[in-house]
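Next up, some structures in structure tokens.
Next come two complexes built around chain A: one with chain B, the other with chain C.
Here is the complex of A and B:
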């Protein structure tokens, strides 16, 4: 950090360009006055942003995605807090098995998951429903939440909970007043990561949506299979701005590097 | 009456016996230290008293009441953890007030008691700080205040000073003793640092391998160690294997080819371990010398000198106060003298 070598600097720059280039292209294209994908744009126009308003499908899909993201991220977080506390602090039989179970969705190819979920939801009669989607997204995002929450739980001094107990606090009070506030950066980080993962999930979702529950990524995907107008670019630009705004808010409150790099608690 | 009584307290973790039939009682207002090397079962003992480990056997009585069925949160003990375990998201004031809040103490009395306790530990000016904004020594005081504010019957301290640097540690030793006396709280300290235990305690319980080896005042434990382990663990000591011989004119000690006058001793004649404190050895002239030797090493420590002397009894450690006089140099031939009464005759098996 103090003295980066030339090579390291060069690598960082190349990496940043590589990461940002697609975003720059998408945002650039969205401002074109023309009726086709054009980069660099020949002029600056908000034509394709206005076009979003004429396409309520996209707005409905975006609302659907936000609702799905909030519901899945919240449910996943609520499941992961007790799981992380048990895995992170306990010595009990089946601890490793529990952790492996929670992390296992990471190891299955998403296409396979999509097909499996399709079969499963059909059997349960939940195919295409909102809560069916929520269920699948929870399974997909739980590993992300668990890792972040686990990082802050393992950084926690177990004596802290004992100190509170010795001062007369019940187990519930210890959790509410001591443990939860101490791991909250990891919890919030996990929630945000989960929300974003759910918000742009395509591979699995495309198998299990129906027209009533179409999410934004699925809508964009089906749109570009039909036409190639710059509407996808302007919708993407709005989505990018939304994500960046979310990140900025979290960063202001908790410090993003601390959340994502995993220096969970002090 | 004893505030705390441990009777045959035992803790097994699978095959390992961490604490082995440990018996100890602590009187009201007393400062007692559990002293022993790392891994001897001190923390486990403390955790059982606190209620965080369940004993495998034996009883713990607090004010005559059996604690077996009392959960940790209802024991009302003040505990200071080695890591301080302050609540990171609470200010000093909130940390200290937590125990009072749990006891549903009304807000104004709570404020008064927090202020009073912070005053006791000299931290009133930092009551709004968060733990991460404080130094190690200050956190230590917060932890102490948090434990004391609930006016516990017993204060438990687990290696409270081991995370501080050497100079601060010495300062905090004096502080800890002052605070303990001002608060008048019965205290059980756990430490592996013999100088800390001696400086702070009314009584020391020396532990080894989960067992109580000796229970005595710091002076007695140092001066009359129960065995070779205690004599080498508390301060420095010369341990000389020898052979005890009784006689009408007093005991004799045979070590290698030398015969020494021994002190009165309860040990039966036979092989023994002789312990001699380095500061009880003097340099003297050839006429009075008990053994002759040659200085092999000399270290200046400011207030004292440390010598290693090669003698017929093996290498002996000698400590002399720095009185400003000239002291023997490395390589110099010297003669050593000590009073026979300073020799401690210990059983030979106890040689570590």
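Here is the complex of A and C:
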């Protein structure tokens, strides 16, 4: 293994500072005792964290985001498992087209998806409803789940399932006892990635929420574009800590690089 | 049985996509041909009026020009930073490598709104960067970075560079480290090794990463909306204004369809170019 030289080390340090700087200032600003954004803060105060409790809007938006993330990640995972089994285990006519369709939300600009969902939901009379939001989010996150589940399906050995079938197991038993346990890391990884993607989604959601179903990113976005007070920083800090905690758990049980790069990258 | 089984398994997802993706996109395309007036709302007429309005107005040319210029500059900078960084990460001590992976991938999981808020605090006229420069007497007047294309590019590079690193990283994993050692033993310096040995092997990753970064940057919304506001408009923020402020949905739909077609056309053209130019690399 060739080690990095001085230039490479300096480059990496500058790069890490660049990546972390915006997060560090958000966390720093949230501890200010003043009524405006200042960094570094002139003192340490939890004033703006207490202010979150006085603004139930943000708490309601956060609860909405969690519910939306759980519902849409679960539905996306449930429909992606059979689809991934179909696409991953053998050729059939139309397979490539099907896969391209399921991955297409990644290629369509999100703002286009946003207005398409707005037009569709308002014609159906579902605009701003919770379940309308859920199904729009399912479409956006299916590509992420499908890729991870597909990666673990392609690693399956079909002879094990065949052996179980020859011993008299039904299709459902084979799935429950053989296939699902084998692909469960991909399924869990896909669910988590889907949840985070839904939890952070802004561009599509901003078009299709109403005041009763506002999510955390939309609430933060509209607050930032109207006023700048340290409240957005303290809410963001809580969101960062929540994500970091989730990230460390995922990194322990699944591996963050595997989650985001795909199977077999180690 | 064998023939229908994959379709049965895919049916739930397929139905959802036909109802929730294909139908809305067709409805949006139809909407872009309708007309709008400020008293009667959307009229179910069918014509190319909105497209003619957009394509004959220099205001919209400026917006699309700015959108694609920002996306292009972001892509180039992300490639210039991301490629060496991915290479350095490959050569790091395993401990520092896993730290860097967290640094690179962690921000991907944090909302773009939060990250952009950080850049707004850094870039403002009374922001962290200007205050620091003033304290050290390096400037007299603040450098304007909020509400400029440059500020948007800077924040977009921050959002996009992880995608570039992931793509280059994946390509470099396939290379044989012995090729570097061979070049070194023949007397090549570190820069020559990077340029002649590593870069050609990283090329497929750089090219696919550029495609992802370009298309995501061209349609980015949160970053230009917060850092550019109404003063520096791009295609996506213009669509947002047409839909939620002006309420001229047909015109907004036409702008969105033009953005979609332009992004798809650039992606197809890029793929063609790459396949022709680098046919050997992908074998």
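Everything below uses one rule, namely that the second predicted complex is superposed on the first by the 235 of 266 C-alpha atoms of A that agree within 3 Å, B and C clash if a C-alpha of one lies under 4 Å from a C-alpha of the other, contacts with A are read in each partner's own complex, and residues count from 1 in each chain.
The criterion applied here is as follows: a contact is a pair of C-beta atoms (placed from the backbone, for glycine too) under 8 Å apart; a residue touches a chain by one contact, two chains touch by 3 or more.
Remember, predicted model here, so these are calculated numbers, not experimental data.
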When chain B and chain C are modelled together on chain A, clash or fit: fit
Contacts of A:110 with chain B and chain C, given as first, second, both or neither: second
Chain C versus chain B, contacts on chain A by residue: C
First (chain B), second (chain C), both or neither touched by A:210: neither
Touched partner set for A:12, first chain B, second chain C, both or neither: second
Vertex chain A, arms to chain B and chain C (CA centres, degrees, nearest 10): 100
Which of chain B and chain C A:227 touches, first, second, both or neither: neither
First (chain B), second (chain C), both or neither touched by A:42: neither
Smallest distance from any CA atom of chain C to any CA atom of chain B, in Å, after fitting: 11
Intersection of the chain A residues that touch chain B with those that touch chain C: 265
Residues of chain C touching chain A in the complex: 3, 5-7, 9-10, 12-14, 16-17, 20-21, 23-25, 27-28, 31, 81, 84-85, 88-89, 91-93, 96, 100-122, 128, 155, 158, 161, 166, 169-170, 173, 177, 180-181, 184, 190, 215, 218-219, 221-222, 225-226, 229, 235-236, 239-240, 243-244, 249, 252-253, 256-257, 259-260, 263-264, 267
Of chain B, residues touching chain A in the complex: 50-52, 72-79, 81-83, 85-89, 98-99, 102-103, 132, 146, 150
Interface residues, chain A side, partner chain C - complex: 1-5, 7-8, 11-12, 15-16, 18-26, 29, 37, 39, 78-80, 82-83, 85-87, 90, 92, 94-95, 98, 101-102, 104-105, 107-113, 115-120, 123, 135-136, 138-139, 142, 196, 199-200, 202-203, 206-207, 216-217, 220-221, 224-225, 228, 232-233, 236, 239-240, 243-244, 246-247, 251, 256-257, 260-262, 265
Touching residues on chain A, where the partner in the complex is chain B: 157, 159-160, 162-170, 173, 177-178, 181-182, 265-266
